[in-house]
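Labels run A, B, C and D following the written order; every chain starts at residue 1.
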């Protein structure tokens, strides 16, 4: 079901947390709300599921305006970071709870619970209590409970945050699988760009209560709208250096570095201070611009190494490359970057 | 592959969806679903109890404090009775000797008016005839004399009839009781038709038996030397118990039990909890057994040639010792638990680090434990100040304020004044005024308490906006 | 356990200061089943005569069983009322967005400071107005009201530890707030209810002043008033008998305490933590 | 006009309903007695006997009357009075109370009790045989509120053996009571003799003079002994000098080592056992002590062991004793029939024969003249001697609504000086301030 936030705002007391947000989630789509903590992504989620009231604006499920519909009637499934399983109930009772509330016949409940347990692979755990389950299993139960009543939308609030790295990897694909199999519209709230990029059809990146950019993961990575977006996506993260437009080039002060202005960038008036973003994977052996610096740190990652390069003005850039035997710590190097892979931002963070 | 296909099919079964939407959630009873509605309903039982047993009593206490309510006036209200005392007041205070004389002179007059009343009441005609023929116009000075005359009538009436008749012929107000001001004044005018307004007011005031509004209680409290003594007693009691037992001793217990193995520590904690969980009646009884003339202490010390005595009431100092110990032993356990858990919350590594540093145990206590106990100590102090101010059972049962009122503390004095004393003279008004003082202190202390403990943090806004 | 010094000096010191209590409570047992020669505290014979009160009712006094039943009714009913009131009000104060919530919560803290004795004359009058003076029901309600602020406070503490997500999940699952409370939250605070129930029962069982003043009648007398009456009566001084009645009275308290000391210590120790 | 002059509306209602009282009736009459020991059961049992008689009287008249008497006996006074007062406010006070006569003042003012003279013929048997002065004690403001339940007097006791040890001969001892009465032997002599006993090791320190260990009417006797007056012309009186001499006496006793400083608060049971077993030299008590000593405490030969007298005179006063009659009073009830029946019961319970059961069992004194013609009474040596020696010199506490306040304050002052919290002078000053404060014009201070 299509979900639409229409000029939605939310205040707590005098503090405006979400300001005039408009966001559409398409039917069957999985959308990530990505942003640092406190950016308002959870508030948005709570507003969609009805736990928070909307200060102004509308929320539509399909064509139905649910702004003033109570949470219970919205039929949304929520999976919380802590899973929020009912500790005093067995797995079966947990999953059956939403159905019991709707007074479904027992036989029907039983059938739906078993079906759902099969879907999330917990058929053998139905008579256990949550405390007897591993984190991943609890996660599956929470999903089953959220999905069993066929919600209009599935909301996932940092669902992987409490899992260890290995389980996280596994559940990432599991959640995506289940979402795809059920074809449900889903919203994933996360601060982890990897989760957002690997699981979702589209990402809405938020900061300070506003959506900065909505795009597919690829598009957003390749073409970030602001320095914030560029900085948020990518691991290891993008590095920024200050430069000034001079003679049709970008001059990095005190570092004796001159970079060409990327073609797609708007015209940059002479003397404008700008911020140049360089992703680590783009700094290496190929390219039309040279960057000189000293290797100040080498982080071994196995197949690749991450090199920190300290420029003459003390700024640090990062480069990720195949393990190179010819470079060692404290070496002076001159590496290259392609000008069309530079991101140029104005001082206020807007992409130029 | 085929398994996942099954799931897709199963998940796509429309029956579930249809069923789910056919049965909307049962939330429809609106008041059960809004914070406001549900909140008020769930709060109702508490509100009823608060109103009945806190709010109303507090208000009533405030009201009583400004009355002279006592056993003699009653609580529920008064009547007007022309007692000799009231007549004396009329004469002494208002200088209305004449009126007092007139109203108070008992007189029983056999007159037509009374005889007529008898006829109306259906008294046997023979009796009335006897009276009219033999006694019309007679005046008797006392009821007893008049009733004797009645019983000497040829047609002797029975006791009840005698009482009824004498009521009809009484022409004085002495000792009669009137339920309202109006009936009193009407009767008084029957005796003296020329009552002035001033006389009426004086009469009403002097004969009223119920309580009246007054601020005398507070004046009396302020000027009574006993107030000062009781106040000092109370301060002494609270401060000493608080400092010695509720904090220092409790801390000693918490720290020592911290440094010994868990098993004996548990046993000591149980031992020190006994005073708190024991009902006051039996707990104090045990102390009496310990301290009475025939009790353990006397018998034990007798072996060393010390004369048996009632150690608990022997001297004021002894009584204080026992009052403080009895209350203190009860109070120590609370501090012990709170301090113990605070100490337990200190990371083990801190102690290990300190051991490595070669810190002596005293230094551990001084530099690691005590700083951690700052807040718990403040908490215990605030909490126990109030508890001690208002505690009464242990002291009542142990010394009852004795000897010689040496251990009479404020709360106990309230109880004695308003509810329990040998002469049965219960002064509700004065007691309420004393109670009001405690009420005010209680409110002030708890407001301070709320401030100190960051009350706002306790009422964080609910996270569900329904 | 912590540090490097021996613990025996502490054990010894604690033993010495604990001696009076141990002594008193030991003799509470010993004296009820033995006789000692006058002036001595070493028993020389075993006897059950001090327990006569169990089958002999003293003239002018109610039967011990009647009194025990009253005590039980009093303690369990006031415990029940405290539980109901605290579990509902505590939830409201912990979770629901009602007008005046902060005010009420502050009120509860202040009420906590109100001692029964200062208000007792007025409470008596209220009871009289509602016709409950000298009845168990009246004194039960008063006792429950007096214990209620602490109960609410304790329950609020327990509710505060229940994750909000549980409630949010319940609401998203379609349950009304009432159902969420009843079916999802209440089961989470069972340990709190149990501890508070135990606590309130013991408070009721021990209460003396309230029944003494508000329900003095023989047929509603409770054990504490009965025992205090025995002790105050100067015609039957018999310490061993007092102690036997006392042991009979305190036994349930001790048993409950020994079994559930963890719960109780928590609550007696201020009780804001679950 | 006549309607306004009704002596009391209450009485009128009562009398008007007398007709219905003749029908077959089941009534429950509740009676409570305060401050009563097991020796005093006839305070309430007498009502039971009276009920039986009244039922029989009714049966003889051909009516059917079934009376159930519910009895309650309280051992203490403070709890009893608290319970009564609160029960009265709550409207469920028992019909008949047995209490100290001094409660008549406040309780009649508050309307808790009703005058018994509204219900019974004061000239009828046995009321016309009750001692006039006792009936006076049961009256307030000229109205008879209650009927005396018992009478007593409060003598000084001397343990003969110890008196002999400090030099008294048997003849001295026989004449002691007279010497006390004439004022030859005073409270000063009491201290002297008590000191001799202590000094010579006859009794332990603190046991020479061993007074009542708690508050009681007894202490007014000492005030009287030192010339104090409790009430004059219906007004309470504080005689400061007498009060101070009275306080001083106990301070002196403590200073001389004949009385313990911590004496107050000694458990009653212990005190009884001690005085009855000859642990103390001189003490004071009440006529009913005889019953306690000889029954519960097992004293075999009372007259061989103990001599008794009035309370000796002190400076400025004369020998006296105090009678503190308990009275039957009727409480105000909605059902006037029940009050009328309760009144009848109280009247019958005052029959000499019934009252004698109480008098002898509890060693109180009789209330009617005819009791001396009842063998049980006249054959009892204690009743006879105590009546002769003590009763003619007995005072009573005044019936005054404010007396309780005075009493509590007087005791507080005594307690404070006795235990050394205040000097007698200071205590009297505080007492004066306190009384001025609380009673205002209600007390004459001189």
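The rule we apply is simple: a residue touches a chain if its C-beta (ideal position, glycine included) is under 8 Å from a C-beta of that chain, and two chains touch if they have at least 3 such contacts.
In this text, all values refer to a predicted model and were calculated from it rather than measured experimentally.
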Relative to chain D, chain with the most remote C-alpha centre: A
B-D against C-D, pair bridged by the larger set of C-beta contacts: B-D
Centre-to-centre distance between chain D and chain B (centres being mean Cα positions), rounded to whole Å: 30
Distance between chain centroids, defined by C-alpha means - chain A, chain D (Å): 93
Averaged-CA centre spacing for the pair chain D and chain C, given as whole angstrom: 41
Whole-Å gap between the CA centroids of chain B and chain C: 19
Touching two or more other chains - residues of chain C: 125, 168, 171, 174-176, 179, 213
Touching two or more other chains - residues of chain A: 50-51, 71-73, 75, 101-102, 149
Sequence positions of chain B contacting 2 or more other chains: 25-27, 33, 75, 294, 419, 461, 463-466
Which chain pairs touch, all of them: A-B, A-C, B-C, B-D, C-D
Contact set on chain D toward chain B in their complex: 1-2, 4-12, 14-16, 18, 77-82, 84-85, 88-89, 99, 102-103, 105-107, 109-112, 115, 117-124, 140-143, 204, 214-216, 234-235, 261-262, 264-267, 270, 340, 400-405, 407-408, 411-412, 415-416, 418-421, 430, 433-434, 437-438, 441
Footprint of chain A on chain C - complex, ascending: 163, 165-166, 168-176, 179, 184, 187-188, 190
For the chain B and chain C complex, residues of the former touching the latter: 25-27, 29, 32-36, 38-40, 42-46, 49-50, 52-54, 56-61, 64, 75, 253, 256-262, 264, 268-282, 285-287, 289-290, 294, 296, 299-300, 302, 329, 333-334, 336-338, 341, 348, 351-352, 354-355, 361, 364, 379-380, 383, 386, 389-393, 396-397, 411, 414-415, 418-419, 428, 431-432, 435, 438-439, 442-443, 445-447, 449-450, 455, 458-459, 461-466
In the complex with chain B, residue positions of chain C that touch it: 1-5, 7, 10-11, 13-14, 18, 20-25, 27-28, 31, 39-41, 81, 84-86, 88-89, 91-93, 95-99, 101-102, 104-107, 109-115, 117-123, 125-126, 130, 141-142, 144-146, 148, 152, 164, 167-168, 171, 174-179, 181, 202, 205-209, 213, 223-224, 227-228, 231, 239, 242-243, 246, 249-250, 253-254, 257-258, 261, 264-266, 268-270, 273
Contact set on chain D toward chain C in their complex: 37-38, 41, 71-73, 75-76, 79, 82-83, 86-87, 89-92, 267-270, 272-273, 296
